[in-house]
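Listed after this line are the structures, all set down as structure tokens.
Here chain A shows up in two complexes: once beside chain B, once beside chain C.
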Partner chain A sequence: MDLQLILTALNSSKSAYASFSLDAIVFFDKYNFNPGTAKGRQNLDDAEARFTCQLYNKALLSVFKGRLGDVKDKDTAVERCECYIQEQPDQTECRLIVKIICRHGVIKTYKLTYESVEVMHALFNKNAAKNTWTIGASTLRSFAEYFGANTEQLDISTENGRATFTSYTEKVMNGRDVLKQPLQTSITIDNLDFEDFTVEEQLHVGISVKDFKAIVTHAETLKTSITAFYSFPTRPMQLNYHEHGMQCEFTLMTIGDYRGGSVTPAPAAVQQVSAAPVEKPLSRQFTAQASSITTLQKSTTMPPPSEPASRSFTREPQSQRTQRPSPPPPKPSLGTESLFMPADEDEDRIWGEKNYDDEQDTLGWDASANNAPGLNVTRRESESSSRLPPYRSWHEDLNIRIAPTQRISDVKALFD
Partner chain B sequence: MPGLTASLSSLGKDVWLQLNNEQLRFTVVPEQGSQVWAVLAIDTIFETYNIQSAVENNTINLRIPLAPLLRALRSAVNASSVSIRLTKKDNVPLLSLTIITNSLTASRPATSITTTTLNPDNAPFPEEFSANDSFGEANAAGFISHDRERTITQDIPVMVLAATTVASIHEPQCPQPDVHIMLPPLLQLKAISERFTKLALTTSSSGARDRRAADAPASSSRLILSANAHGVLRIGVETSALKIESKWEGLTNPELDPQQVEGGEEGVRGHASTKMKEREGEEAWSVVRVEGRDWGRVLGVGRLGGRVIACFCHEHALILYVYLSNDDMESVLTYYIASYSA
Partner chain C sequence: MTSTNEHSTPLFSAVSGSTRQLFQLLRCINFVSKAQVRITKEGLRFTAEESQVMQGAVVLDKALFTAYSYSPPAFNEDEDEEDAESPPFQISLSSLLETLQIFGINDVKDRWSNRETGYNGLNGLTARGGPAGVFENRILGMNGICRLSYAAVGEPLRIILEETGVTTTCELVTYEPEYQEDIPFQKDAIAQKIIMRASWLDDAINELSSTSPARLTLVASPIAPYFTLSSSGPLGSATIEFSKDPQLLETFQVPRRTINTYKYSLIRGASRAMALATKVSIRSDEQGVLSLQFMIEVDGGGISFVDFRFVPFIPEDGEGDEESEVGEAEGFE
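On to the complex of A and B.
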């Protein structure tokens, strides 16, 4: 198995799951992984060795968010970033240490507490996803420009050789509130504008606009193409793209009445979606999916999962989150959930009841974290880290540190 | 059109649009701050135009939220054709924009918002295409793969207002203005006004910050505008800590057109602004006090690039007439800005 660092996250409503696999050789300048001594690791042979942990997302974000501006400011430009895991029992354990090395010897060090847990990944059966398309990320990004600021759902449909992306909000308003109804936007393009397009005619499938925007915005920065896989509404859709040793996969729960065949985004029709037809098939479908994957894994040479594979709905990182050693409280300014998109004005959300995050609309989970093909999305924070000679070197750096406001050349000039 | 909408949206949340056979009226009356009453000739905006209403003179009154309207219109900036319809979906009235772009223009994201008028209803933009041609080779490269159409529809929820509802909305009444003066370039005026407003806000007491949050008119951010009949405009700010003033000279004081004034020649002779010309010293100045941030928003209309005549009603109000460029005065935006007392 290739060495890689995989970052994954799941949203609180369990309807969207993101996974970024960073290739050890292509993505990183330097990458060391020594599976030998560390604990918190399963009893696995070397090929399967891995390190997994879980971090408070906001704490991690606070380290990297806003660094984009540093590149422009020459005095504090980031030269490189070193991360390593500190897990030796003779030191403070369970720390992810991030060192951001800037010009003029400025070093910013962050120590984040992690929880050493086995991580889970979202299930996605690519074989069942017969519908697929690929399109340039910049095209999708340009769609997002047209969408109203507070719209919630995105319906993707196909008809007569054309694909339509409709952003809408499922809300019934009365009186003057009608004017607060967000814009409804439909964008229709020719199927030939896709690099690849194989989708069942008249199929409607719905995802969250916010997720869509976050994904296409990131993909566009990589100047790549996005590929979507999905079967039918109420089953997950996967969007993926890869570039520069970064493999990005998003598994999103979809909505839409697959038996009706066509869900128009008009408010009345959408009401049906949140009602009965969706709920039953969902739960059934998930148990089925989870178990089928378990057998698939058992028949291979993979070691048995350490925990029951189908702890799908109830067990989730959130329950563990509460028990962890208290992480540093996030700054209020980090309130936004997305790394790439500014938070929409939430004034509108106060009005709407979000039945989107019903318990049924969650993704299934597999705790075994084996990288079976097609579902190799494990929730591991750091497969390893560039394990530089750890703590000592950092100390040395401390000693040569100078006040960050003064250039070395300035200091020298005084004594010359 | 996006420019007009952006200017309007800086003042209020929604606009009352009155359409009839001859013209379009856009009116923004916010709960606080300045009002806009705009009258536009239909061909300023539309190439083809159909209206049918049961009401006299084919009048339709709509209340339109400005933020979605602005978003919708901006997506039409690079369009090859745009049409807008008043329609109904699930009993909710909508303004539905249908925008057709070709892939080429769409693949180049809109980086600027043009302030040219929009010609909906399948009107090609000749200037759009000529602009593309000047890109030469770079453009040809964009064309190679395809030139396919992309259709965007934007549905904006609106309210249809009854005639009785709008009958109670009246344009403000002002006394005869003392001074008419052509304003200097708005960009200049805006930059200086905003600078003064900021100075006023930062140099006044610490309470100013709270007031800013509430966006309530704070005496600390009031600008003093004054003009005379001899082409001079002053804008100043005065707090306990500072006093600054900028002055423009040599501006034009437009003459009244006797045909536009009640009482004709006689009316002009008796007009407040005629009397003002004879005064001297402090008496010759007509003064208004405006709230700095509100004034800054009003000046945002500069993006439309029209000529602006300011009418000072001493200690009462300031009225701006914004004549949209190359227009025979049929399309005009009127801003009413109330003056605070000293």
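On to the complex of A and C.
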């Protein structure tokens, strides 16, 4: 059993999830986990034991932020950092104690309050993610520097054995005022620059530039290679890398229009199907542990876009393409206010899932931290029946999935 | 008692060759808008006070000026003052600072380098653009002259700044002083005295800001932990501990354990002095009044001192405290 300290974070729109697994032996100088002292977990044997808690990111960050500036030759440079969990009933409980020991015997001690809760982890089905590439982080970083500072979205596409990373901002108008100027930067990387490249032709997926840059910047500091896994737009993408006993995984929701081959209806039809109200009885949704919500798209009232071909990221058979050549997807000269999405679709619609018939990977939550790749330390709760792959539970209702964006009420109902 | 005679010698006048020094020192106590000025034979003493619980004082020593003359009024003999001192007055500190930096004192060095790069940009292709700064006023030691004068009691404080032929004259209205007394600090009953590098204290205080605290607790003890600063906020608490290492605490005179709590935001008010100073002497008396004395080496030589005094919170239940956030901070742990 390998011991790990796992730090995870989920953004407020639940579209991006980060996980850092720090290996007990490689990453830490000293690591001591004694689950016997943990309260309320007596019924579990040692292998099952784990400790989870949640604390404010802001509080934790305030301890470590700016330490990069503490250069080594400074008089009170940091020598080591010690962390403890304090949960003995005879002391003040629920404190994460961080001790930073500096030279000359300066000791900085932080006691941060935490909440002792079960932590959820994003599920990602690597088997369904057929598209994958691996590239040196420094290479990617040097390219990512060219992305405009104010661009928001990043489109990753492949064509003729080349990968194109396009960062762009859509034009945002409020009356006559231009709130955001459209901007687009494309970088094309030859497949040979990748260590590994297995991606379907003509596939476009979109993620946030900010997330991407943050990931690449961190990976570059570790001088490692980043590997991406994804299936198709509106499905999560996973970026991961590992170095020095640190396993970093980021699960990001992607945007873009997905149109499969001949089996998939034409885009307009997809839009209409998804736009139709699909109500499901709530009771059905919460039967399984990994159950989720399928009906997010019901809020859509927008008609489908009138020019889907020019706006969408296409993934079509080559034969269709010859008949209706679609321009390279991000093209500011289109002049539409929104390049990739109908302009005023609400958030739910953008992230909402469509009803695909096939079983695909999707962003789900697992409180047990067991099934997410690389999170093998801990086991499922003993009452949990399945030790099967995470999406086994979805067989109970193929339509039951969790979308990355959920209503608060739904989340509460799920996990309370 | 204001008898203005333009032709008689002013009550006080002084000339300084470096406004930057004056500016740097006075900026240390810029936590309130008004400062009280007392003129003595030895120098100008500026004090600023916040709610009678925090006080900052700077002495602009005679040595900082190239010329310094103080002629106490003749009628002073009637009064039974120990020294020949004119009554103190208040001026707007922010206006004074504004005046002193009217020629951009704030970043003389930056301006200097900027100007140089500017020249390079202009004469980009000509090589003789290089040593353009030889006749710069700074090199010649003529970078701005500042004259201070105070004609008589009740008159405005007049500041004349000259730089490269440009003269600016400012008159700052003087006010009746609002307070007379300094915060009492019993120098004969000192409970603790610690001297350390000011930047370390500054680091520690900044470090604690992460908990967004209302109060700062200083604990000094003859046994370990020797000197700690701690604070707590809604997200947790933080403690900075200093060992007795003489490299760290140059002087450590703590006969017995002392615990005092001060308002954090007030201590932060001294942060400019903390960042500027080389050393700090942290003293507290039997009543818990904290004295922070900063030794500042202004550029151009010389050592000046900036003094701060803080009144502590009443220990324990804080019965007499009027601070509203006391209760929250107290209830945390």
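Convention: the second predicted complex is superposed on the first by the 250 of 416 C-alpha atoms of A that agree within 3 Å, B and C clash if a C-alpha of one lies under 4 Å from a C-alpha of the other, contacts with A are read in each partner's own complex, and residues count from 1 in each chain.
Criterion: a contact is a pair of C-beta atoms (placed from the backbone, for glycine too) under 8 Å apart; a residue touches a chain by one contact, two chains touch by 3 or more.
Note that this is a predicted model, so its numbers are computed, not measured.
In the superposition on chain A, contact of A:L203 is made with neither chain B nor chain C. When the two structures are aligned on the shared chain, A:V106 is found in touch with chain C, with no touch to chain B.
In the superposition on chain A, A:S138 contacts chain B only, with no contact to chain C. In the superposition on chain A, contact is made by A:V63 with chain C only, not with chain B.
In the superposition on chain A, A:T92 makes contact with chain C only, not with chain B. Applying the stated contact rule after C-alpha superposition, one finds that A:L154 touches neither chain B nor chain C. In the superposition on chain A, A:L252 contacts neither chain B nor chain C.
Residue by residue along chain A, chain B and chain C are tallied for touches, and B comes out ahead. Residue contacts after overlaying the shared chain place A:P182 against chain B, while chain C stays out of touching range.
In the superposition on chain A, none of the residues of chain A is touched both by chain B in one structure and by chain C in the other. Those residues of chain C lying in contact with chain A across their complex are 197, 200, 203-204, 207, 210-211, 225, 235-245, 247-248, 333.
On the side of chain A, the complex with chain C involves touching residues 56, 58-59, 62-63, 65, 75-76, 92, 95-96, 104-113. On chain A, the positions that touch chain B within their shared complex are 138-139, 141-142, 145-146, 148-149, 173, 176, 178-190, 192-193, 266-268. Against chain A, in their complex, chain B makes its touches with residues 13-14, 63-65, 67-68, 71-72, 75, 89-90, 92, 103, 106-107, 109-110, 146, 148-159.
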